[in-house]
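The first chain written gets the first letter, and so on, giving A, B, C, D and E; residue counts start at 1 in each chain.
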Amino acid sequence: MFAEWLFYVFSVLSVLGAVGLVLFRHPMSGAMSLIVTMISLAGLYALLSAKLIFVLQLIVYAGAIMSLILFIIMFLNIQTSDLPEEKGKLYFLAGGVVLLLPIASFLIKVVKSLPGSEATIVGKGFGGVKEVGLVLFQDWLLPFEIVSILLLVSLIGAVVLAGKRRVGK
Amino acid sequence: MIQHYLILSIILFCLGILGVISRRNVFTVFMSIELMLNAANLAFITFSRLHLSMDGQVLALLVMAVAAAEAALALAVVILLHKHKGNLDTNVFSLLKG
Amino acid sequence: MHDFLSILPLLIIVGGAILLMLLSAFEKVQVEIASFISMAFFAAAFFVQLLVGCGPETVVFAKIFNGMLVTSNFTMVGGLIILGCGFFTAMSAHSYFKVNLFCTLEFYCMMMFAACGMLLLTMSQELISAFIALEIMSLSIYILVGYDRANVTATEAILKYLMLGAFAGAFFTMGTALIYGGTGTTKFAGIATMISATPAAHPFLIAGSFFIFAALLFKVAAFPFHAWVIDVYDGASTPVTGFMATALKTAVFVVFANFLALSAGMHSSWITFLFWVSVLTMFGGNLVAIGQSSLKRMLAASGIVHSGYLLIALVAISTDHFTGSVIGYYLAAYAVGTLGIFAALSYLGGKDEKRGTFDDFKGLAQVRPYSAAAITVFLLSMAGIPPTAGFMGKFYIITSAISAGQTALAVLGVISSILSMWYYLRLVINMYFYEAEDSFEIAGSPLATAGTFVLVVCVFAIGLYPIII
Amino acid sequence: MFEYALSVMIFLPILGGLAMLLMPISRGASRITGLIVSLVVLLMGIELFLGFTGTGGMEYLENRPWIESLGISYGLGVDGISLLVLMTGAVLFPMVFAIFTTQSKGYYANLLIAQGAMIGAICATDLVLFYIFWEIMLLPIFFMIGIYGGPKRLPATLKITIYTIAGSLLMLAALVYVGVSYHNQFGKWTFDIVQLGALDLGGGFAILAFLMFMVAFAIKIPLFPFHTWLPDAYTEAPTATTFVLSAIMAKIGVYGVIRFVIPVFEVEFVRFAVLLSLAGVVGMMYCGLAAIAQKDMKRMLAFSSASHMGIIAVGVFCMNTQALTGSLFQIAAHATSTGVLFLFVGLMEERMGTREIGDLGGIAYRAPIFATFFAIAMLASVGLPGTSGFIGEFLIILGAIKFSGFIGFLAGTSLIIGVCYMLWMFQRVFFEKENDRTAAFPDLNVREILTFLPVILLIIGMGIFPQTFIKKIEPAAQLQIAKVFAMTQSQVAETTVPKPGHNNHKN
Amino acid sequence: MEHTAAYLGLIPLLPLTGALVIGLLYMFTCTTNPLPEKLYGALACVGPLLSFFLALVVFFHLKGLPPEERFLVHNAYTWFAVGDLHINMGFLADPLSALMLLFVTLIGSLIHIYSVGYMAEDKNYGKFFCYMNLFLGAMLILVLGSGPVVMFVGWEGVGLCSYLLISYFSEDTNNVLAGNKAFIVNRIGDLGFVLGMSVLFWAIGASGFDYLSLRANAHNLTPAIGITVCLLLFVGATGKSAQIPLYVWLPDAMAGPTPVSALIHAATMVTAGVYMVARFSFIYAHFPIAGSVVAWVGILTALLAAIFGMFQKDIKKILAYSTVSQLGYMFAAVGVTAYSAGIFHVFTHAFFKALLFLGAGSVIYALHHQQDIWKMGGLKDKLPRTYWTMLIGALALSGVPPFSGFFSKDEILFSALATGHTGIWFIGVLVAGMTAYYTFRMIFLVFHGAPRDKEAFDHAHEPPAVMTIPLVILAVGAAFAGVLNLPAIFGGSLNVSQWLEPSLVEHHGHASIWLEIMAMLASIGVVACGVYIAYKKFGQGAEEPVFTGFAKIGYYKFYVDEIYNAVFVQPYKGFGSIISRFLEPKVTDSGVKLSSWLYQKAGTAFKALQVGYVRIYALYMIIGLSLMSLFLSQTIN
């Protein structure tokens, strides 16, 4: 029962955060509300017994990625005057909602086909660091390895695009 | 109950889409995409709980890594854009058209 | 041992990429050397692939990679195409960067990483690996697209590509999540088992593959996910455009085919969907192409049309004994033609790509008859006029479509290729039937030129001896 | 030694043309090369003609598997149906090289490539191979019109190219459909036309495929109402191209119908024969009428050519031996007469700088030899007995009468229509008063006389001794018709509900 | 027999060779160093004379055979053979063709000789004789052809030569137009011929498509097909022989040189239609309805042409209408199955009409190409030989006994009466009177009275002997040819008819001898009236009248040419320009143009969709996905 309440609290918070992201004019406000969403999601992960992910969500997402974004926002020193006018935003929002209705209803229809099942917290041995780590390094070696390439690419890319460059003769 | 998690995931996903198509600020757009990835992650975790297999959690983990990589690149691009125009309006960047 | 050999090309490419990355730290290493190094690695990987791939058996890396990586004849063909594309792109880039001075070593490094991602993509038999491979490829390509930082159009191109690419990537993850939810696995083999176990179409599977298709269709620029491609091709530098147009499409189509062909149930439930997408893609592409005045934009739009043809082939694949030969052949034929034309544009474009529109190439045949002839050959191949490779590709696709009972689709494909004659011929007409106004001076190295003529030979060779694929 | 004759006849010109394009040689050298190559082909053609036994089957066969997974082979052969078409392709080319001395290298090279491709299309016994040559032969035409054509060449080029490619791509789809149907029925892949004849097609897709084939050929022939590219293209094209287009390429359209459509689509063919033959006669009349209103000689001849092609097509659709043989004969006859007329107009244009009928007059007084040759070709084209034109036209009308009295009557009107515009033109150009321009017109010189004389003699010879040719083509035509009937008699009886008045056109 | 048969091929070949030789000589020398005229003249006469000689040989050979075996066949080679159709390049000499052969070669030779003189001043001498020889060759093929297809070769060949010779003075546009008209109108007839042949072939031609086989199989014809064949062939005949409605070309054909008019447009070519109907007598005789059509068309043509002839002022036009009129008689004859009478009239007509034309040619020659009879007069004394020979011709044409025309015409009229065609007989008699009138109108105006053009009269002189000798020979023929076919009442035995018997299928009408005498007297009376009226009006000199009323309409030939022009020619041309100006670019091509226009427009529209705003691109994706979701929602439940 308590878990259910928690679910509702977190979900309302996350949706509010998301709505804030979409609606706030200034990206800083958007980023802040996204952080709210992320933290709520972390709570939901905990409710779903994904302990490692819960931690990582907080550390990597809400922590690292979002602080990077915030850092850049501040680095670029974005003023309100720099922001786009976005006069027709409301029309776009309304139109977007109309367009999204079929997609959402389709997805919800799909979800409804799932037999109802409880999401009680599962005890030990599920979602812990060790257990997930074992799965990761045994079954999911390939993705894990190639993610390293991906990160390498992104690293070089960031340098190439934003860093200093030694231009060829 | 599982369904509720999934519906939440769908709502967040759709809100992400909405952000992408209705906003012109580059930051907001990228954050909306992050939101979509998060929604997907929520779905992964939910299914992981549903199937009681930890594969879903691993998948979420990998998606997080991808999201991080993408974010890094996206921010580099943002800096590049800002250097060119001093402005982060996506509509400003419409030289290529027709 | 064969296991190792099968992924040896991949390892060579990764090694090359890392080597280049390390070399770029040294001031003394020049860009030209980097291009030769990358060419060498591509060539080496190509020949290794050719030698290794002679065995017809499918290698499943069950132990090491838990069956997430599979090499087969089809992936080998895809790999060959990708490596060939890399090789010829490096050649044209060598010439291109003699005139356009914004290259650094990382360019070739990124190209090799992209190729690595593509190879992984062709071989991956698991959704999240495919996703990561896709992202490796995409991120590298994003960087290549935006490589000319001083150029605002290149920046715009990377913004558009990155934004929409990430957007599509989000769909891919959501799709993966839904499939995982439906089947409890993300491996192709596992999904196939699940499908055959439950005869009725699983809603999660449908929704999940729908999103995955959306992402893949985005990557191959199918209608209505095509809008980015024209702007991005236009903004990117010519060798990169050529690389994107060929290698990227090859990799995505291979994984697309692998995914579709994983079971008959999977394929059959998407035929109608793909039918309409392919029809719309072909005709939409043609309609976009007809109005273009810039060559790169026209080629981008024609790339859309070719994606449409490939979608026909996807509709027509038989899942019972899937070989992918039709797709492979068409991809090769298309790659040869497209690469050729971009190689030609690389050395003919001049500084800052000053020659880029149809009108800029008026009278080329009088000044540079051989180049004009080469471009004509490529255009004819793309248009599907015999005896070029493009014709045989189209022939195979039509044959497979009709064999699969998709006569209407074949006819529509034919009509679309009629429409496409319009803009291909327009360039030929401009090159041959007008007086020259430009002197078409060529700076830079002869490598792109050489590459162009090698590709001309390839066009005919592949066309006349289709067995070599 | 002679067993690879066909391959040599195909690839010698193609390779010669390509070599010419790639190598830096002067225009004079390229012309001589072209002349030599085409003469070699001519001699081989004559040798081949003489050695042809005319039993109705394929001769000079060459067959090599090419793409075995789809049963595509490199198959060549000649039979009575292709013999005369092949001969036109082989015989007429040297004239062009002999007459036009001042053209550029590309011009000659393209001509050679066109010749090779056309001979290829004529000899191919494999549908796919045929298609490949069929498409290739358009390319040199495209370049020749576009580069060497008249002032309004660009739209004309685009029109002919897109138009014909549209047709041929549709044919490609139909062709694949045929191959796939064969695979479905017999379990193996082949595109060999002899084997495809065993195919038993039916249903909507078969009709669609038939129509696609027909559209492709109808555009090439051209059959009304698909002829609209023709006047522009013929007018704007340089003379040699117009000559090639009218004398040979259009014929390959008719040939294609006979060779590839009739054996495969017997039932559909019979079903649509009336409609198609109507299209033929309507086109004949329409283009014939249009010809009289032309002011440009070349354009007039273009319409005239289209008009004649209509009649030739009728012969094919009438489905009897006489008409079919007539069409086959007329193919050669028309190639010699109208083709030569185009060359004459080209000569006139070269010498006087105009083709406007109104600007000319009285040429006959200054140039009697030229006028005589022109008159002979013209009379052949209006079908005067004693010239090659009569035999074919007579046989076609005869056959058409059998097919349907009405169509026969309409086909017969070509006798009148053709003569109207030809005489009108002849009057204005060769008779009446001469003017400054025509007074300076030099008669044919010895080289030109020697070039044209063989063809003029051929025109007369074919009129007086047609049996030399007919006896080689007639058995094949008879076989072809016999096949259609063997097939349709059984099938039509099964498939169509007997309706009163329906069987008029079949017997 | 074999030996003689082999000559058959030689007969047409000789003039053809002559044509070839003359043509080549002329073609290669005329612009540089023209050869002497005498050479051409000599060369030109060799062929016809040799042919005439051979024709005599053939004739006497046939005469030596029993009547039922009187035919010679020479199949030179197989011309073409397709399926059942087997056409030999074959020549057939039977009594009918032998008769034709004789007078064609005879008159042809005479006219060639005459032309040597007449054309002396022409610079294109060689060309003329080339065409003439070519014509004679074609005509001989027409006559000798063993089947309809070979006949058609000659048939078209003479048409071609007719065209070439009509437009001989080609610098004058009108002459060329006349030539064109002749060729085109003939072609209309030829269409009928070809169609008739085709129908005939499919009906009975499978076992051989020459006259002998056809004749053997003629009984297999059904009435419908038989009548169709007859009528179609007759269309061919109307074209070649200038019958209603295709007669219009013949008067215009007088634009050619006068010997041409004599040879082609009076004596030989124009009678080919009659010959053809007679050739096919084995079909026509079976179908009296078709015959009646032929007869009525013929007699109405005779009447119409006679009316026109009464008002013409061009001497050659008068003769031309007279020819049309006489041809009408011949068709009336063959229509009422009196084939031998028709052929006999062909025979006699050849003499007297050739004579008249050549005479007219002499007059024209003498007056330096003056053709208007109202500018002549009183030439009797200046041109005595011409006068007397032409008078004989005129008497023969008018049907005054005992000249040849009387017998042949009377035979026709009697046959009509005997077979019950009273109407035809009546019109025929009427036309006889009109013929006498206009013939003598011409004679009186040209030769009698006072000269109307003094200057021309003074310069007039009798032409050279090379021209007058043929006139005399022809005059002899015109005067006495009738003797060859004297009917029984004059003690004759219809020799020509008997000679022709084996070739023809005739139904002889039976009528009493009194009826014959009555008919004869009636026509003599009418002819006498005609001559008398002509004498009253023109005998003593008359001034050119101003035509009013019916005469004016007659003078303008009932405006038939104008009507044809308005109804056929102009619409034809107009249709041509409508096609090339409107239908072709705007209608036929509209499908192509429209689709290319649409394609371009749609391209522009799609170009506009590429707005360049990235979020709009994302929007496109979402729109697509949204629609696809709608579609997919249906599939799951």
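The rule is simple: a contact is a pair of C-beta atoms (placed from the backbone, for glycine too) under 8 Å apart; a residue touches a chain by one contact, two chains touch by 3 or more.
Keep in mind the model is a prediction, meaning the values are calculated, not measured.
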Both-way neighbours, i.e. chains that touch subunit D and touch subunit B: C, E
Chain nearest the overall Cα centroid: D
Maximum centroid distance from subunit A, chain identifier (CA atoms): E
Most heavily contacting chain pair (counted by C-beta pairs in contact): A-B
Farthest chain (mean CA position) relative to subunit B: E
For subunit A paired with subunit D, centre-to-centre distance based on mean C-alpha positions, whole Å: 70
Separation of mean Cα positions, subunit E and subunit D [Å, integer]: 36
Approximate Å spacing (C-alpha centroids) for the pair subunit A, subunit E: 102
Mean-CA-position distance for subunit E and subunit C (Å): 77
Set of subunit B residues in contact with two or more other chains: 6, 13, 16-17, 20-24, 29-30, 41, 46, 50, 55, 62, 66, 69-70, 73, 77, 80, 90-91, 93-98
Where subunit E touches two or more other chains at once, by residue number: 607, 610, 612, 614-615, 618-619, 622-623, 625, 629, 632, 636
Junction residues of subunit D, two or more chains touched: none
Every chain pair in contact, whichever chains are involved: A-B, A-C, A-E, B-C, B-E, C-D, C-E, D-E
Residues of subunit C defined as touching subunit E within the complex: 159-160, 163-164, 167-168, 201, 203, 206-207, 210, 214, 218, 223-225, 227-228, 230-231, 269, 273, 284, 287-292, 419, 422
Partner subunit C, residues of subunit E touching it in the complex: 599-600, 602-607, 609-610, 612, 614, 616-618, 620-621, 623-625, 628-629, 631-632, 635-636
Contacting residues of subunit C [partner subunit A, same complex]: 14, 21, 27, 30-31, 61, 64-66, 68-69, 97, 101-104, 106, 109-110, 113, 116-117, 120, 124, 126, 128-129, 132-133, 135-136, 139-140, 142-143, 146-147, 149, 158, 178, 181, 203-204, 206-207
Contact set on subunit A toward subunit C in their complex: 106-107, 109-110, 113-114, 138-143, 146-147, 149-150, 152-154, 156-157, 159-161, 165-169
Subunit A contact footprint on subunit B (complex, rising order): 1-8, 10-19, 21-25, 27-28, 30-32, 34-35, 38, 41-42, 45-46, 48-50, 52, 54-55, 57-58, 60-62, 64-73, 75-80, 82, 86-92
